[in-house]
Amino acid sequence: MATVEFKQVHKTYPGAHIVKGIDLKIESGEFLVLLGPSGCGKSTTLRMIAGLEDISEGCIEIDQQVVNDLEPKERNIAMVFQSYALYPHLSVYKNIGFGLRLAKVDKQIIDSKVRDVAELLELTPLLDRKPKDLSGGQRQRVAMGRAMVRTPNVFLFDEPLSNLDAKLRHTMRAEIRQLHDQLKKTTVYVTHDQVEAMTLADRVVIMHEGHIAQIGKPRDVFLHPQSKFVAGFIGSPTMNFLKGDVRIDDSSNYWLNFAGNDVQLDQSYSGNVGEVDLGIRPSDIYLSPKTCSHNNPLHEFEANIDSYELLGATALIVVSRGEQSFKVEVSANYALESGQAMTLHIDLSQLHIFDTQSGAAVYRVIN
Amino acid sequence: MKKRFMNDWVKICYLMLIAGFVLVPLLAAVLGGFKSLGELQSNPIGLPNNWEFEHYGAVLNNPFLWNSMKNSFVISSMTLILTLLGGAMTAFTFSHIRFVGHRYVYSYFLLGMMFPFATGILPLFIKIRDLGLLDSFYGVVIPQVAFGLAMAILLFKTFFEQLPAELFDAARVDGCGYARFFFEIVIPLSTPILATVGVFVLVTSWNNYLLPLVVLNNSDLYPWTLGIMQYQGEFAVEWNKVLAYVSITVLPALAFFIVAQKYIVAGLTGGAVKG
Amino acid sequence: MPQDTTSLSQGKAQTSWFSRNNQGGRLWTLLLFLPPALCLFTLFVVVPLFEASFFSFYRWNGIGELNNYLGLQNYSKVIGHSAFHTAIGNTLKIVAVSLLIQLPLALSVALCVYKQSWANTVFRLIFFLPYILAEVVAGLIWKFIYDGNYGVVNMFTEFFGLENYFILGDKQWAFAAILIVIIWKYFGFHMMIFIAALQGVPNDLVEAAKIDGATRLQTTFLIKIPLIKHAIILSMFFSILGALQLFDLIIPLTNGGPSHSSHSIVSYLYTFGISRMRIGFGSAIGVLLFIACVVFAFTYQNAFMKDKK
């Protein structure tokens, strides 16, 4: 069991500042997911924990011990790579046991450990095969076996599922989570796939341009994004952003005007008067008030359908009102077509308002 | 359809003609070893009317031939091992260690490929003489290795850089250092390129003539290329003997060619093309 | 946060330049892996090259002191030597024959056999065969073929009732005979370069041309050959560099004779420099050869091979 702690960690390359001062404490046994678009520094951050990248500034501690100058093998970590990075010339058995062999562990102990791990991952019949004779899912499991056999304090995953097809990804995701529940090892998992992050993580760290944009439980980052970036990054289909205008009336009530609508904001509004960015998820707009399951205040307005796209159980329509257009996710049961005019209902409790300058969230009804 | 058929015939005739141009001298040489001098005069390329095996027999019983073959084998093997090892290790420092200035050092090696071997041959001779390596295999092997390095480094570096980067990361996490990664992971994964470079080095060394000619005086140390010239000098006009000798020296190369043709073509053309 | 700064500075203090760079034994490996090759290469390839340019200003037979400074005399002697002129002329002949006969031959053959099939493989191997033979072997075999008393030449002269004719002893034709051997020995190599390139021509393009109504000949000249231009450029490059450095083949065939009419640059160097132990004179030839190679390589690469890199 181990904690991992970042203290003002920077990573710079000549001409590039990749990680810009990260402070983060990962609790013992926690499953932490680093999520972000490509180039946000999440992989670099992971590789700094592993010791594959130097730490330019600041320090990383594993179990209260500064590891900046420790070799990867001295950090007691194990890592699963995107391409699995299995040694092509070695059998599954030797791949799993390679690290132990290098650590000069006794042969019989290696044998029993490798066989235990193989048993756990259902790899026993494959031990003599070479990586090229395995399917994608099997390779993935070998890569995990290689990590597990060393009983590390911290597991590191670098986009381990991105080379698998959708169906297999789903199964492996469940398997990884199940293994974590079984082993209860501190785990840091890097991905750009928000579904993976949502389903696997105890906590999600969303990174953006070398900074941490938000840390929180999956539900929190979805429901309460602290910035326009997080709001736009999490959720699929992505959140609608509209231009809005906030004014204050004589009795100190804030009013928001957008797309020809006027709605009153409650006391939690902490922004300024003037132009704002307004965010509303496609799933928080309803065709009929009846489909909204909770008793939230709704705002009704008229709009035209520009396009209709069937996704399966749901459909995505793009509607426009005046200059502004936005997406609405509706049940596939509705028979809708382009050009149709219709009434929509916005769930006002799900409105997000962001400062135009800083992108910070300035309004969110807490419920 | 008819036109196509004609085309194919023209093509096949053309290829047969060229194949004849290539093969006739070779066959004439092999068959010539079975002929008497008289027959060689009247019938230089056809099958012998009267098969004489004694010329081949004499050559096969000639200890000088076997000794020169053995010398060539020793020289080529030493050159092969040292070039592969030195070239691969050096290439690894460029592909994975990437020390400060590695690009310059790499270009320095590559420039060496442009130097014609003959330019430095006289100073090289003086150097080998001053090092006391005249009339020793090392005097042939060491310059051969030095001249083969540039090509080997070029091909190895390209290959090593194409190895997945995550393999190195995985090995680091598993506790591998650089040297160990090289010997336990890189080398076993590099058999195709080792074979390609190896063939190039081996054939070049096996066929080398100028360097041993300059370095070796003692005919006991002669590689087969010098041996064959000496033999030809002794039996100048007894062509049946010379042809038998020539044909036998071709056999190892031919056998090697048949066994390893895939790598030979890759090594001799690919090697040159990448240079 | 004071405790942060202390642990931070501790982290820094532990880091010496060496240990920071020696992670995974990086520096040790470098020190073990690089110097052997570097020393060998410098000592036996680079240094002799510089020494050659140094020696070329002296008269020296390799023994005793190097004190007979001649300035540029060796160079003027080489440049004024008629045998050297012949060697240069012969080199140009090799270049001409390579470009005008050998490469078209190699290309036409490559076009015939580049597709994968059993018969094509056999042809390819036959054509490549001379290339793997040692030059001395090729030279000796052809010396027999050209022998006025025995070989194929003799067969013709007998057949037509002519006198025995020794082509390699004929000042006029000896080098022409060598040129045929050069084609025989090396066209397979160029063929292989072309085959590799032709196999890289996307089949879509050839098929598209067919659909556009191109004949076989038109697809060859308008699609395939333009698409393997880089291989042709490369092949010309090797032909010319090879011509500059030809040696092994000359020795068994003519040894440069008769009366120095069939020398290549290197066989000239061997005959007048090495075998007579004229270190200075030979080095001057070597330096001229080096300059020719480097100037050619750079100008050629700048002119034709730039876009490739």
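General remarks:
Labels for the chains are A, B and C, by order of writing; each one numbers its residues from 1.
In the analysis below, a residue touches a chain if its C-beta (ideal position, glycine included) is under 8 Å from a C-beta of that chain, and two chains touch if they have at least 3 such contacts.
Protein identities per chain, from UniProt: A = sn-glycerol-3-phosphate ABC transporter ATP-binding protein UgpC; B = Carbohydrate ABC transporter permease; C = Sugar ABC transporter permease.
Not measured: the values here are computed from a predicted model.
Relative to chain C, the most remote chain by averaged C-alpha coordinates is A.
By count of C-beta pairs in contact, A-B exceeds the other of the chain pairs A-C and A-B.
Mean C-alpha positions place chain B and chain C at a centre distance of 14 Å. Chain A and chain C have CA centres that are 58 Å apart. Separating the centre of chain A from that of chain B, both taken as means of CA atoms, is a distance of 57 Å. Looking at chain B, residues 172, 176, 180 sit in touch with two or more other chains. Contact with two or more other chains is made by residues 24 of chain C.
Residue positions of chain A touching 2 or more other chains: 51, 71.
Listed in rising order, the residues of chain A touching chain B in the complex are 47, 50-52, 71-73, 77-79, 81-89, 98-99, 102-103, 146. Every residue of chain C that touches chain B in the complex is listed here, in rising order: 24-26, 28-30, 32-34, 36-38, 40-41, 43-49, 51-52, 55, 62, 105, 108-109, 112-113, 123, 125-137, 140-142, 144-145, 147, 149-152, 154-155, 158, 184, 188-189, 192-193, 196, 216, 234, 238, 244-245, 247-248, 251-252, 265-266, 269-270, 273-274, 279, 282-283, 286-287, 289-290, 293-294, 297.
The touching residues of chain B, counted against chain C in their complex, run 7, 11, 14-15, 18-19, 21-26, 28-29, 32, 37, 40-42, 44-45, 86-87, 89-90, 92-93, 97, 99, 105, 108-109, 112, 114-127, 129, 142-143, 145-147, 149-150, 153, 172, 176-182, 203, 206-207, 209-210, 214, 225, 228-229, 232, 237, 239, 242-243, 246, 249-250, 253, 257, 261, 264-265, 268-270, 272-273. Those residues of chain B that touch chain A in the shared complex are 164, 166-167, 169-176, 180, 185, 188-189.
By the touch criterion stated above, chain A contacts chain C in their complex at residues 7-8, 51, 54-55, 58-59, 61, 66, 68-69, 71.
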